[in-house]
Amino acid sequence: MRFTLKKDKSGVVVVGVEGQLIVGNRQELKQKVLDALEEGSRKFIIDFSKTGYIDSSGLGVLVSLSKKIREQGGELRLAGLNADLQTLFELTKLDTLFAITRTAEEALAAF
Amino acid sequence: MRFTLKKDKSGVVVVGVEGQLIVGNRQELKQKVLDALEEGSRKFIIDFSKTGYIDSSGLGVLVSLSKKIREQGGELRLAGLNADLQTLFELTKLDTLFAITRTAEEALAAF
Amino acid sequence: MTLRLDVTSDSMKLDVPSDLGMVGDAVELVATHLPPGTLSPRRISFNLRTALAEALGNAIRYGTGEDPRRTVRVRVELGSEFVRIHVIDDGAGFDHRRLPDPTHPENVAREFGRGLFVIRNLVDDVEFNEKGNGICLTLRAG
Amino acid sequence: MTLRLDVTSDSMKLDVPSDLGMVGDAVELVATHLPPGTLSPRRISFNLRTALAEALGNAIRYGTGEDPRRTVRVRVELGSEFVRIHVIDDGAGFDHRRLPDPTHPENVAREFGRGLFVIRNLVDDVEFNEKGNGICLTLRAG
């Protein structure tokens, strides 16, 4: 399990989630993203293409981050969900809350 | 793990080996075949089409049974070896010792 | 702290200290050592992992208050037609019948309250013991 | 007598009473609970099973004389690139360098003497401890 943050030349922060986003590591993700927000970043993409699974705590942290980023006038986009993760967002209706694109590249292009 | 013995109408005994033929169960196979030999059967086919693996004790029991059956003027044929089991017989050169056919039906037809 | 999974031909058993940092490793240990054949690799790697992480997270947070001296017990029954996972804590339990629907428009934007809903959607059957401190997840073969 | 496999993220451990009737179940327990990904299902179900049955059979017959009060230890190291199985008995050991070739024409029709030859052909590496009462089988990923 590992989180990678990369700032694109246009200033978009792309966060990679390797392994899982769950109750045991969500605080780490939250802190990393909030730090970047603090430092002035406003556009975020979380890329789940290397993510095995996400539990409800992980989903909760995404909801909370999205809110905090929006409060600062920024935006959070999600990308790279596999079929199972996409279904998870749909059944929790979280697909209505987030801008979800197929790949991180598409999310970048759309900003 | 289970051994099944069936006597064909032409008097050939077909022995099925389900699971594995190893140090822990080879005596059971040996006894069953020797009992049939005692009772007058002379033609035997051991069918390995449902066998997962055979260890060297299992191979040894086949060598010993083949010898005992031949001493009584009978014959033992082997059938149903998958690719891995066939390789095992080849590398131990036991393929030179036994009449091996692809299926039990072919072995029956050849008697 | 090393997690140890105790395996027999028809069961697996694991005691997890009440520490949220253990959830990932505990889930991994159970998921990677399930016998092949009953559940598809995809259902092991997604449905089972997610549901077990939820159940363990709840047992650790609510059942045992993240007190690493306390233990959450995971017991797995391995059938040829099913895998059944019991997650049992020694807490006060709760009433699983009185939970708000997290997909209700009022609740969708909430941070919490999706755990049991997610579990119910990922496994074939969910049962609780009477006290409410033990949950049993059944995944049927396939 | 129930066999219990003790599993951590990088190891498996099993004590087997010196009873030839236990070999099949012990092999099954190890083989079905290996993590997926390192060895192909085919190599697990044939090469590993056969080689482990050989090693266990020898440790029980020659190492511990089929005395069920004595125990043969199986220790498995789980690497991402290999699976390494140690089978250790508390017997006198033997000199593995002085074994006749079972494929020599004089030996082909013998009942015994194929075990270590078979092991060597099914796994990638075989090592013995100094005393000769511990064998280590390595299967590399694939």
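Annotations for the structure displayed:
Read from first to last, the chains carry the letters A, B, C and D; within each, the first residue is number 1.
Following the convention adopted for this analysis, contacts are C-beta pairs under 8 Å (C-beta built on N, C-alpha and C of every residue); 3 or more make two chains touch, one makes a residue touch a chain.
Computed from a prediction, not measured in an experiment: that's the story for all the values here.
Common neighbours of subunit B and subunit C under the contact definition above: D.
Subunit A and subunit C have Cα centroids separated by 25 Å.
Between subunit A and subunit B the centroid-to-centroid distance comes to 61 Å (mean Cα coordinates, whole Å).
Chain geometry summary: the mean Cα position of subunit A and that of subunit D are 47 Å apart. For subunit B, the set of residues that touch two or more other chains is empty. Contacts with at least two other chains are made by no residue of subunit C. Two chains count as a pair here when they touch; such pairs are A-C, B-D, C-D.
Here subunit C touches subunit D in the complex through residues 2-9, 25, 28-29, 32-36, 41, going by the rule given at the top.
For subunit C in complex with subunit A, the touching residues are 20-24, 27, 42, 45-47, 49-50, 53-54, 56-57, 60-61, 102-103, 108-115, 117-118, 121.
Within the complex, the subunit A residues that touch subunit C are 1, 19-20, 22-25, 52-57, 59-61, 63-64, 67, 84-85, 88, 91-94, 96-97.
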